[in-house]
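Let me begin by handing over the structure; questions about it come next.
Order of writing sets the chain letters: A, B and C. Residues in each chain are counted from 1.
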Amino acid sequence: MKIQRKSLTAWLVATTMLATPGFAAGTHPVTGDALADDQTFTYRILDEHSSVDPQVVEDVTGSELVRDLFEGLMNQDAEGNLVPGVATGFAANDAKDVYTFTLRDNARWSDGSAVTAHDFVYAWQRAVDPELASPYSWFMELMSIENASAILAGEMDVSTLGVAALDDHTFEVTLTTALPYFPQMTTHATTFPVPRGVIEAHGRDWTKPGNIVSNGAYVLTEHLPNERSVRERNALYWNDGDTILEKVVALVINDENVALTRYMAGELDRTEIPSGQYPRLSQSNPDETTVFPRLCSYYYNINMTETGNPALQDARVRQALSLTLDRDLITERVTASGQFPAYTFTPEATAGFNVPNVDAMNMTQAERDAKAKELMTEAGYADGFDVELIYNTSEGHKRIAIAAGQMWKQKLGVNVTLANQEWKTFLETRGNQDYQIARAGWCGDYNEASTFLDLVNSASNYNDSAYSNPAVDEMLANAKLMDDASAIYTEVEQIIAQDVPIIPIYHYTGAYMMDTDLANWPIGNVEQNWYSRNLYKRAD
Amino acid sequence: MAFAANAPSVAKGRSLWGDARIRYLRNRAAVLASCVLVLLIAFVLIGPVFAQYSIEEIDWGIMGQAAELGKPTLANGHFFGADDLGRDLYARTLQGTTTSLMVGLIGASVALVVGTAYGAIAGYVGGRTDNIMMRIVDILMAIPSTLVIILLMVIFERSLIMIFIGLGLTGWLTMSRVVRGQTLSLMQREFVEAARASGVSDVMIIWRHILPNLLGVVIVYASILVPEMILAESFISFLGLGVQEPNTSLGALIAEGAGTMAYGTLWQLMIPLSFFMLTILCMFFIGDGLRDALDPKDR
Amino acid sequence: MFRFILNRLIYAVPTMLVMIVACFVLMHVAPGGPFTSERPLPPQVLANIEARYGLDQPYWKQLWDYIANIVLRFDFGPSFQYKDRDVNDVIAQGFPITLTYGVLSFIAATTIGISLGLLAALRQNTLADYLAVGFSFVAQVLPNFVMGPILILIFTLHLGWLPGGGWYGGQWQYLIMPVIALSTSYMASIARITRSSMLEVLNSNFIRTAKAKGLPTHRIVVQHALKPAMLPVVSYLSPVFVYVITGSVFVDIYFSTGGLGQAYVNSALNRDYSVLLGTTILYGGLTIFFNLVTDLLYAWLDPKIRY
């Protein structure tokens, strides 16, 4: 009996081995990696996406889906550089306010019809249509397209938008001002084409699987809200020959620890590393942990208005608080996923940004602490003061706030009261300057320093510190008109380091657990604009 | 026969409460549970004297390395180990137990008193009053408590009292339904009908005849409410109304420990969970003991 | 009986109205709105969005339109958060899921809970009693947020028997953990209430009389004690049933089931006004309905009860 079973097993093994080459899906054309038979990529998302309608989507997870389902004029490569999408290329006039895109003639919708310049005209008009009320319609204003603002305000008809289809394959955009980085902005989901006929036939239901028609490398085949969504390879995509992944599955898992458990059980190919767990996981599973810089800053807002803390109206006190915050300790021991200690608001990874030489960077923590004590004494707060720090409810924010509170308390005698708030309440409180110090985070909309520094402009909607410095406002206005404004950005950062309307703490990293089979993740793309059609699964 | 329910028949001159006390003291499990609870309370009140750290102090050497350096040990003074930030779990567990005991006991008492009074009145008066009172309960059950708690937080200052109000707002609803159901049934018993016929006032009937017969169910339900209240506190804290850092509660400590239980810091879950279980275990036995002791028929 | 039911149905209408108005007022008073976000929208964009969803109308008009749309068209409006869907979609998708695992959990909790409670009461102070009490104790003190992750750690990671989450149309292997997690704590409460109530009934005079007449114990229990003993259990079960079938948010969170519980809690946190109102109406309607059923059950359990 025993022998028999053994030989049976041996026979099974032998036949499997013989059969294996026949089943293999082949090798990757560039890297030569052997490809896995099952080309399904399963990843975790924190929350249900808001929409997959390009003009309606507003969240990161939704945009990831939209980039797979639809394709705009231009795409990004693994490093974030511009590469052709539906457009094979573009030309600008000398004034750089009229851009002409040439569309490829083999682009198809998933129902077989051709993707034309008219689809782009329809989509872009739809994006500014007050009736649709796209939450990203401001992005079209930011793109400075002619008449976008007036249409949004309801003063002009959508047909007057500065876009035109010169013929089926030529799309022309007229801007109100010269915008050198305009083509970069066409990688944003809001600018992607949508199928007019399908939208008119189904109304709001057009994005449901079965109804949806898209022009990207994948089509949406299943969507079970708060459970999962599935997108499958679109055979009609113009570059389908280069697509390797057959199927991409996004699973909604709210709890990051449960997500990690399910990753460990082999149910996921990618998940986020829970806060503080990177050191342990990089020891136990060194091949699967991935960390890379992102275009995001974590910082504290200081309320600069009279509703804020009186002690914090003194720049020296703000400087002292900033100096005593031990960023190395926070990034190494609290967040612990390779985050970069931040002394400037703009991340170092931002394109064309030269990190200024801020004094604090060159000191040891002991020197910073000593300097801070001096500043507090000068300002008349040698014995500290009472202050409240608010943050939105989250384990990660809580840990940082606790550490910061203890640093201030132990080094400066500042008595910190912590208070968490539920998200919407928190936004309201912070937006109304009804706080003293508040946690904040910001991710760049595009890869340029102004996406960060505009936040300290006194006119900015996002300036929650209510910081107002006419010199800074003027410099930022000038920067808009220059080809290379990096010198100005550096100077603004130096002013911020002196005035401290915000205390930068760290620059984010992406920290993933990623199956070793999954290849080609674009870790060099700081905006994390990834496309499933560039990924593939290696054979074990 | 019917009146026997409330008339002491074992020894004349002994009150209901005196009887109950004797019967309670005869119940070994209940007495033991009471002793343990008293010891537990004494420990959380006196224990902090021996703590080597305050609840908020960060042990910088342990921060971020709790799995290796933060184990429970006598050597470094962290008797119950440390949390991920290097804060002393001994001090924090004791403080959290104090908070949660208060939340559980006061919250359940509020629910018990309000729910019993409301349910007994609705059931006793009956008719349209009952209908309207119970429809109000329906409405309160359906209104999203998340919004109510958020509003409480915005309108009032954060404080421990607001937690009791937040918990009390929802806790009494089911209790009132249970009590009303029992009252409806009790109303039809001979002894209540007899009391009414002999002209005893409504208040006296509720007090002397209805309430004593409700106690069994009410006490058991209250002992179920205690753990519910303690855990509900962590949701209220999530919204921002409840206990704020550096203060803590058992619910918060257990939730924190549960999040990291797979990462080699199991004591962060087990220690607060043990305190929670011990508390609830005591409550259960005391509840059952009280029920048996106060049951007017049980002799 | 018919008049009683009719009377209650008439009462249900103003009750629902008060519920809607109260919820409407609360959500508009609560800080932040559906379109409050980390990046505040430019005023013009916000104005367009508010106009699209009718939020620029006076409150009374919004409320009137809302109720009129429900009554005339059974239309609960579009979701403000999930812009591809409307409230009917959200409920049609989430409710069947929640109903499935909810009803299964309810059946498990009541059958096992009542059996354990009866066993403990009839064998008071024996090993069976202690085991039943001990089990219900452990089931009760393991909080949901400990139970969920532990089940996944054991059954998914260590044993590899069950998938860690998802719904997949309600296949059995996706149902087991949600039902265990949801039913245990109710099971424990039901067992405790049953035990206590049964003990009380067994000690009451009419049971003693029956015993004195020499009736066998099982006949006494089945014929005389069971129905009155179930009264408090039934009072407790009605709200539990509504809680369970409208969804428990922690089940959806830990097991990614996609049920209505998560939609409900998220709608409050996201200030998704229409979904919040829609789920509240569903929740309120079920509460009213099952409280009526409870009252009818009372009359059946204790025929003397008159309303």
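Basically, a contact is a pair of C-beta atoms (placed from the backbone, for glycine too) under 8 Å apart; a residue touches a chain by one contact, two chains touch by 3 or more.
Computed from a predicted structure; not experimentally measured.
Chain pair with the larger contact count among A-B and A-C is A-C, by C-beta pairs in contact. Comparing each chain's Cα centroid with the centroid of every protein Cα atom identifies chain C as the most central.
Centre-to-centre separation between chain B and chain C, using Cα means, comes to 21 Å. Centre-to-centre, using mean CA coordinates, chain A is 45 Å away from chain B. For this pair, chain A with chain C, the centres built from the Cα atoms lie 38 Å apart. Chain A has residues 255, 257, 261, 422, 425 in contact with two or more other chains.
In chain B, the residues that reach two or more other chains under the touch definition are 150, 154, 259, 262. Among the residues of chain C, those touching two or more other chains are numbered 30-31, 149, 153, 157, 269. The residues of chain A lying in touch with chain C in their complex are 48, 50-53, 56, 58, 130-135, 137-138, 141, 149, 152-154, 204-205, 207-208, 224-228, 251-255, 257-258, 261-262, 264-265, 267, 422-425, 427-429, 431, 441, 461-462. Residues 255, 257, 260-261, 274, 276-277, 279-280, 329, 332-334, 336, 393, 395, 398-399, 401-403, 405-406, 417-422, 425-426 of chain A are the ones that touch chain B when the two sit in their complex.
Residues of chain C touching chain B in their complex: 7-8, 11, 14-15, 18-19, 22-23, 26-27, 29-31, 133, 137, 140-141, 143-146, 149-150, 153, 157, 189, 192-193, 196-197, 199-200, 203-205, 228, 231-232, 234-236, 238-239, 242, 264-265, 268-269, 276, 280, 283-284, 287-288, 291, 294, 298, 302, 304-307. Remark: chain C residues 30-33, 35-42, 44-45, 48-49, 51-52, 78, 81-86, 90, 93-94, 148-149, 152-153, 156-157, 160, 163-167, 252-254, 256-259, 262-263, 269-271 touch chain A in the complex.
Interface of chain B with chain C (complex): residues 1-2, 4-5, 126-127, 130-131, 134-135, 138-139, 141-144, 146-148, 150-151, 154, 173-174, 177-178, 180-182, 184-185, 187-188, 216-217, 220-221, 223-224, 227, 231, 251, 254-255, 258-259, 261-262, 269, 273, 276-277, 280-281, 284, 288, 291-292, 295, 297-298.
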